[in-house]
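Next up: the structures, one after another.
Two complexes come next, and they have one chain in common, chain A, joined by chain B in the first and chain C in the second.
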Partner chain A sequence: MPREVGRQYKEILKKYIDSQSEEDLYVGQQFSRRFIEKQIAPEDVISIHKTALLELLPDLRDEVWISMDFLIEMMIHYGLTLREHQSLIRKQEILQMEMNVATKVQDTLLQTTSPNVKGLDVGWVSQPAHQMNGDYVYFLNENQHVASVAVADVMGKGIPAALCMSMIKFGMDGLEKGDTDPRAVLDIINRIVEKSVDNSMFISMFYGKYDARSSTFSYSSAGHEPALYFNAASGTFMELNAKGLLLGIKTDVVYEEHAVQMQDGDFIAMMTDGVTETRTEEGFIESESIQQLLESVRDQSAQKMAEHLYNELAGLQEYRLGDDFTIVIFKKNPEEV
Partner chain B sequence: MSYRSSVEIYTEWDIVAARQLGRNEAKKTGFGTVDQARITTAISELARNIYLYAGKGKIEIERISENGAFGIKIIASDEGPGISDLRKVMEDGYSTSGGLGAGMPGVKRLMDEFKVVSEPGVGTTITAKKWLH
Partner chain C sequence: MNLQVELLEQDSIQYFKVIGEIDAFTAPILRERLTAVEGTPNLQAELDLSEVDYMDSTGLGVFVGFYKAVKANGGHVKITGLNRRLSRLFEITGLSEIIDIEKKESEDHDATI
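The block that comes next holds the complex of A and B.
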């Protein structure tokens, strides 16, 4: 086959030498694709050129032929580099395919269902900045009166973060029958993470538990962003802080636990730093701006509120998220009688 | 028909001698200009690896024939530190990114057959063949 290519190359070259027209150059350029299609190395192209020239202009000076041999020598490494790149591209395609599968596995693995508790409206959005999400939301619906949520942020992104989250998820799954008070949950998860993850991986987590019988929301935090509590009666926001070290640093951590009593129309927004550290041209977004955005849609459903905040903040960043973005809203509605 | 000759590698000049020997043998075997250049480049890379990483070693070149096919065999051997992770050195982009040349995958591509035997602390022997097509 290369012989056939060589014959055609000679014809095209001859035409060009005779006419030097743009048309022949165009034909030549089209023909060069065949070299690439047939994976003919650059050094072979020079050799084909030399062979063609030997037949077309056999009387050229010896120095010309010698220089062509030199050029062949020069092209060997180009040829190798080209083939190396081609093989790396194939490898990358395989990796990309594996990533796509991994993302699907992650989605299935980390699926969680919004809890169903009378008088509590739950809404949430979690959007990864890259292909795999380093934020994690997990709902627990212990019984018809109690709904809990864990919002976690694995520092570092991509595959290592995703692997880490699977571990948290299985830790949470094991909780169903145990103590589900926020400080106890963080204590257990902290021990699991400390045992299984190396020290370079940091995880922050906010855990909140709503009990409809007393309308109380109790919470603990492992170095996570404070949640925002909106008091509908006074129209004011309050930060829900609770002291506690990031997960996985040491085993004996005491996590604080606090509680607020929710009234109708009150809501609590739990977020990751992808929300609070939204970057605009003027720098980080102000906490007041987030509060204003939430308050402006306080009469809508919790899901609409979460989506509104996401759309507004993502819009500010022209939909190029700098970090994984997660918000969960618990809103107390009047119970229908 | 089997004819073997060798070059000891101590200095950078010995790399040139090994190249020259390889090119002559490749020409005698009947390889064309491009394949001569490929075989020479492979020898050059192997000799350079010996010079850089083992300090000294040997390049042997042999014209070979098997089942009516003719070709050339290169044996590069040294008693250097050896290669602890063979899979890694055979990976694309491993040695080339540091600008060290074509690396092992490059030599493998230039030739038709390629085999490495290496033991850390004992040395490395690389055998590569190319056949006339």
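The block that comes next holds the complex of A and C.
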């Protein structure tokens, strides 16, 4: 086959030497693709050129042929580098495929279902900035009256973060019934995480539990952004702060637990720092802006509210998120009779 | 984005002055500098962040890792010069309870504790 390529190359070269026209040059350019397709190395291209020239213009001075041999030597390293480059591309394609598989596994492994509790409307959006999400939302629906949610942000991105999340998920799946008070949950997860992660890895987590029988929302936080509680009657927001250290730093952490009683129309927005640290050209977004955005759609469903906030804030960043973005909204609706 | 880390040694205290923004891109620079000393037994380290305007969770990770390593070797870490945004970050995460932190003097009055 190289001989065939060599023969064709000679024809094209001859035409160009005779005409020196743009068209024949263009034919040559097109032909160079065949070199690439057939993976002919740069030094072999020079070789083919030399052979063609020997047949077309055998009377050239010896110095020309000697210089051609010199050029062939020069090109050998280009050839090697090119082959390395091609093999890297192939490796990268394989890695990319593995990443795609890992992302699918992550999605399947970590999927969660919105809880179904009378009088509670739940909406959420969790959007990764890159391929794998470092934020994690997990719902527990203990019984028909109780719905809980964990909103977590794993420091570090990509695969280590994803592995860490599986740990959280299985930790929560293993919670025994009756032991699901927020402070107890964080304590258990902290023990699991602390044993298993390296020094510079940690997780922030907000855990909230809504009990429809008393309409109370109790919560604890492990170093996480405070949630926002909207009181519909007064039309005001309040930060739900609870002291507690990040997960995975040390054992025996005391997590505070607090509770609010929700009335119809009240809602609680739990977010990760991808929301509160939204950065635009003018600087960081203020907490008040987030509150205004939420309040402006307070009459809509929790899902619509979450989507509205996402669309507005992602829009501000021209849909190039700087960090993973997660918001979960628990909204109390009048119970249907 | 640039990050500068200057190291001074004064009376057996390793004093680091960090200048710039600490994020996923610059954190490795800081990590490298701190990792070099964190194994020293009884290390007394002071990190001056008064010229750091912004830090994300990757940066926090570097400090947590450093704190844990130094503590394990019997040393002490002190962080100084936090602006309001940074000190909020240390407070929310609960790190201000375990790491020795000194705020910017000018901003002491508006700190909420």
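To be clear about the criterion, the second predicted complex is superposed on the first by the 335 of 337 C-alpha atoms of A that agree within 3 Å, B and C clash if a C-alpha of one lies under 4 Å from a C-alpha of the other, contacts with A are read in each partner's own complex, and residues count from 1 in each chain.
Heads up, the rule we're going with is that a contact is a pair of C-beta atoms (placed from the backbone, for glycine too) under 8 Å apart; a residue touches a chain by one contact, two chains touch by 3 or more.
If you're wondering where the values come from, they're calculated on a predicted model, not measured in any experiment.
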Partner chain in contact with A:Ser204 - chain B first, chain C second, else both or neither: second
Contact breadth on chain A, by residue count: chain C or chain B: C
First, second, both or neither for A:Asp273, with chain B first and chain C second: second
Partner chain in contact with A:Ile72 - chain B first, chain C second, else both or neither: first
Partner chain in contact with A:Arg320 - chain B first, chain C second, else both or neither: neither
Which of chain B and chain C A:Arg61 touches, first, second, both or neither: neither
Which of chain B and chain C A:Arg3 touches, first, second, both or neither: neither
Which of chain B and chain C A:Asp44 touches, first, second, both or neither: first
Shared chain A surface residues [contacts with chain B and with chain C]: none
Touching residues on chain A, where the partner in the complex is chain C: 153, 155-157, 198-202, 204, 222-226, 243-246, 249-250, 253, 273, 277, 284, 323
In the complex with chain A, residue positions of chain C that touch it: 24, 31, 56-58, 60-62, 64-65, 68-69, 85, 92-95, 97-98
Chain B-facing residues of chain A, complex: 43-44, 46-47, 50, 69, 72-73, 76-77, 80-81, 83-84, 87-88, 91
Residue numbers on chain B that touch chain A, as the complex places them: 32-34, 37-38, 40-41, 92-93, 96, 101-102, 105-106, 109-110
